[in-house]
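Next come two complexes built around chain A: one with chain B, the other with chain C.
Right, the complex of A and B next:
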């Protein structure tokens, strides 16, 4: 570890802290304000889109209607992307004449991008036409992010609106949230971001791949494409699907340390700012900061561990007569070095982004444990765009309930009682996630068609399997990428893993909102457990760690932990 | 039911209770807006946005937008400044090992090795690469920097660290029959610092450095025929 490395990490944390409030206020005005910001700039487009979609922006939906609209919209999203992939060989903008994507891979990919996962069982430069990249995949980078924001808002409205038992039970309009997310937040930042990235070296072209002769006379074909426009939204929307196979380690996706910094800030910006937006919705910004603080503590703990272990030697190379000062450089790029690789790995798995600028598969056992555990904690550490906030709010509900049990009072949050129904929904949310991951991992690790895809033997192989299903269920999309996921078994089980991890978790989350919206609001009394301040933050962190870490600890001890001790004794597999 | 939007510009703020609904919404009520929203968002964010950005980028930053290609002294395009290419001639600086494609440095198959930290394959590969380096660089100062035996994440890493470039100077100077100091000054000229003085790591772009060498010292003498560089095993699927 170096001083400069810590300065970079500190600078990143500072920038995120600095944008949380102003960006949070902006989003509050976009989604909850009586008048949206910059009406002359964005208002006309917003109104045109309402008209084209045929929606009445004044008409809000109850939780079932909101969920139904989201599900149906997502269904068509899967369908259209599947169609584009299957027909790309006859569609335009395919200068490399790439063939149609095979059915099982097309299914996996269509689900992957619709669910904001962006798991990729393919290399972009050898599989997807420019049209598929833009209209089939990057399109979802906008809509799936907007869906996530919408779900978070719906749950937040359920918790914070004080309409009472006789008032309306609506949680907002799915269509309004979708369109406003795109028009006011995602699109303008992407437009500016694209130009910045191109200026710094990211290609943005429809030209065919360039064939050339290298300085030593070898043939090289350089893959190109409309990369920048996809790169920026892939980070901003915490999608993470690379234009190229190597994702943001590829020098065309992420050519300089400055682009790397910008892209990391894009990943954290919306999730961090939404905590402030939430605080405003709750009419008490300390509610948002308490959540922000829990996230920040877990983030710093993750980066500290990842950085420490990646800065050390790679155990497989430790005995070779090398200058080991740079640290574990297998799978990492020189321009980023160890600090930025460890930082990115932490950031991309704290959120549901999953873009990578180094190969997690080649991390040291404990360095690689950090991204895996981050995902398994439920991506609540800032989390996905929207997805992080609603996941964290479920954890808050759980924490309030546990605190209530400890002090012997009926738990209440923001003046509303938390009762059996909400707890059942919260537990459903909490249990689906490990259930699907552990069952599928167990299946894959005993089936020959599961283990035949592994790139590494020994405990690391189990880590590859567990990472794959955790990443897909968590809608993250990063990988221990040695695993060859493009087989029928992995494509199909992974596809369902992603669908369940997204939609079976969204439904209980919105249902909690629907159940809380009509509750009577009672003013806080002396027996009310405060949900702001350090005590609550510590308790919240404790609940996150207990729920997430204990669920997965037995499995983790057979993967990364066992590998760590094997590595200490110098064993290779 | 939907449609009249001219009056519908401003949604009802949330704290004003809205009028009671006329009837319960049905699942089917969402299908038509869902189809329309699918088409509308696809055209806006999947087609208009990237196409307009492509046009604007082409006007503002043509060289960057098209892939940052660079030319040799005669004006021939010899590579992209951002994409590594293989160098075997001892008179050129060599990039890091590449797991991209079977022979490495293949931009159609960007990838890392994805070999884990207890992988025997990784140890054997690195040991082999180290042995080769030591044989080719008998006069190099000290042990080889670790990045010269480790594959990068993309397989296309265009840089080596300044230490890894300095380490190769004796070999390059000897192959070209020039004093090491002349090569060293070129390496120093080619070294980029951290971005904004803080971000990232200092680095040397291998292709740019080799182009500078050729400009200053001419092309290197042809290398004795050597076995092609061993590429680390690559996996070309999964996001990585």
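Right, the complex of A and C next:
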């Protein structure tokens, strides 16, 4: 570890901290304000979209209506993308004459982009036409992110609105949240960000791939495309689906340390700022900061471990007479180095982004454990755009309940009682995630059609399997690249993994909002457990670790942990 | 209140422990354990490991876990289940012990039963419907019934919460009395109206025993949490088998069961019902009857206690706390008169006036010359007490009673008294000086829950 490395990590943390409040206020005004900001710039577009879609912006939905609208919208999203992929050979904007995408891969990809996962079982430049990239995939980069924000807002409204038992039970309008997320937040930042990235050397073109003669006199085809525009929304919407196979490690996606820094900030910006927005909605910004603090602590712990083990010596090579000073540079870009690679890996798995600038597969066992564990904690460390906030709020509900029992009080959050129904929904939410990951991992690790995709034997192969299903269920999308996922088994199980990990978890989350909205608000008394202080933050972290880590610990002990200790004793597989 | 006299029951009272050991084995019945999914999983694990051990002993299959390992895990799991049952049984046993104490109390009330005109001492619990009993001032009424003879003032605060004694007399609609209430003056004959097992005290015992536990809202939510966690860990352990097989490790069923029991929230699950009962028990020790677990939970949420005298369980002795003289009356004179008037009043209220005069105004118990002093005791009929000393008539009593008394002697109530009169004030009337003073304002020390 170097001082330089820590300064870069510290600078990143500072920038995120600095933008949280102003950006959070901006989003509060967009989604909850009486009047949206910059009405002359965005107002007309917003109104045109309402009119086009036949949306009445004043009409709100109850939780069932909200969820149904989201499910229908997503279902058609999957259908349209699947259609484009299957028909790309007859559709325009296909200068490379790429063939139709096979059915199982098209299913996996359509689900992947709709669920904000962006798991890619394909190489973009060799499989997807420009039209597929832009209309089929980049489109989802916007809408899936907007859906996440909407769900988070719906749950947050359920918790914070004080409409009382007889008041309206509406959680906002899905269509309004969707359109406002895109018009006010995602689109403007993407446009500005694209221009910045283009200025910093990222290509943005619709021309065909360029054939160049290299210094050795060989012919080489250089893949191009509308990269910059997709790059920004890929990070901003925590999507992570790269234009190129190498994702953000590719010099055209992420040419310099500066673009690297900007892209990392883009990944964290919305999830971090949403905590402040939430605090404003709760009429007490300390509520938001307490959540932010829990996220920040877990983030810093993750980067510290990842950086330490990546900068240290590779345990398998530790006994050899080598220069260990540069750390584990396998699978990393020299222009980023250890610190920025470890930081990116932590950032991209804390949020459900999944873009990579180094190969997680090549991390040391414990360095690679951090990204895996980050995902398995349920994508709550800032988390996906919106998804992080709603996942965290479910954890908050659990924590408040457990804390309430510990002090012998009826558990209340923001003055509303947490009862059996909310616990049922929260447990459902907590249950689904490890269930789907463990069951599919167990299946794949014993089935020949599962293990045949592995490129590594031993515990590292197990880590690859677990990472694949964790990443898809967590809607992350990054991969331990040693696994060839483009087989029928992996495409189909992965597709369902993503569907369940997204939608079966969203439904209980919104349902909690629907059940909390109508509750009587009891003013805080001296016996109310405060959900703002350090005690609460520590408890929240404890609950996240217990629920997340304890579930996966037995399986992890056979993967990364076993690999680490085996390597220390000189055994490699 | 009755429960306040209940003895503290030690946690490891031998009788309770003995009972609990037997109960904890009875509670191994799967139908009972199934109510608690966490412990049910542990019990299934216990049975499974026991069967595995037996199988290994008999068949010696290849690749089985070592016999001592399976056996110790099995024993440990059985111990876990039995201990959880034991904790629950101990908690239940304590509740039962409390009820027994109350029952003993009921036996301790003696009744003076009238049998063909003669009095006979019997236990209150031996009274039957239709029996007639005599109760005099200072005695407890042994059972619910109706006054057939006499009139008395009765302290019913333990039931109604009303701190002022009420007048009960034979005939009319004020003749009903309740067991457990106390006669403060006079003598009455009560015809018992209920058989044993139906009285007020019996209902209290039923309350303590019928700690019939409904689940509280928090308990239900916690239950869901525990079931959810158990499920998560069940899957974590079951899926570990194929995952371990990938790594070439054959996990024995014993090891998986042991891991599962370590992971699931066994401690909370096992002690949950014991905790609930213990909560009621702790309230009971503070003399609060919790009728349900829900009440225990509510007790934790209480910040402010508002007392409403009526309808609560009260120890309601009216006590004099202040002497307020009428205009132009010296407070020392008033204190002197009030004390004299109260010396013959054996009700708590009368005694408190004597004590107040002594403590606040230094009036010691005086020489009482029975030749000069004629004491008029308090009765429910006159609702006054007093003292006649050499032509000086001092009376203390209910406002309207004193008013009538004064009017009967040809005097009149000074109007300024009316203006200062409180709801249930008592006044002293030192008649001979033709002055009246308001004696004491009553207040009650209530213990209300």
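The criterion applied here is as follows: the second predicted complex is superposed on the first by the 563 of 573 C-alpha atoms of A that agree within 3 Å, B and C clash if a C-alpha of one lies under 4 Å from a C-alpha of the other, contacts with A are read in each partner's own complex, and residues count from 1 in each chain.
Everything that follows uses one rule, which is that a contact is a pair of C-beta atoms (placed from the backbone, for glycine too) under 8 Å apart; a residue touches a chain by one contact, two chains touch by 3 or more.
All values derive from a computational prediction rather than experimental measurement.
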Return fit or clash for chain B versus chain C, each positioned on chain A through the superposition. fit
Looking at A:329, would you say it contacts chain B, chain C, both, or neither? Reply first, second, both or neither. first
Can A:102 be said to touch chain B (first), chain C (second), both, or neither? neither
When the two structures are overlaid on chain A, which partner does A:415 contact: first (chain B), second (chain C), both, or neither? neither
By residue count, which of the two partners contacts chain A more extensively, chain B or chain C? B
After the superposition on chain A, what is the angle at the C-alpha centre of chain A formed with the C-alpha centres of chain B and chain C, rounded to the nearest 10 degrees? 160
Considering only the touch criterion stated at the top, classify A:83 as touching first (chain B), second (chain C), both, or neither. neither
Please indicate which partner A:554 is in contact with in the superposed arrangement: first for chain B, second for chain C, both, or neither. second
So, A:255: does it touch chain B (first), chain C (second), both, or neither? first
In the overlaid three-chain picture, which partner chain does A:518 touch, first (chain B) or second (chain C), both, or neither? neither
Once chain A of both complexes is superposed, is A:37 in touch with chain B (first), chain C (second), both, or neither? neither
Lowest inter-chain C-alpha distance for chain C and chain B in the superposed arrangement, angstrom: 15
What is the shared patch of chain A, the residues that chain B and chain C both contact? 458-459
Chain A residues touching chain C - in the complex, by the definition given at the top: 398, 401-402, 404-405, 408-411, 418-420, 422-424, 427-428, 430-431, 434-435, 438-439, 441-443, 445-446, 451, 458-459, 461-462, 525-527, 547, 550-552, 554-555, 558, 562
Residues of chain C that touch chain A when the two form their complex: 217-218, 220-222, 224-225, 227-229, 231-233, 235-247, 249, 259, 263, 297, 300-301, 303
Okay, in this complex, where on chain B does chain A touch? 1-5, 8-15, 17-18, 20, 25, 27, 30-38, 40-42, 44-47, 49-51, 53-54, 56-58, 60-61, 64-69, 72, 76-80, 82-89, 92, 96, 100, 105-120, 122-123, 126-127, 130, 142-147, 149-161, 163-164, 194-196, 198-201, 203, 207, 210-211, 214, 235-240
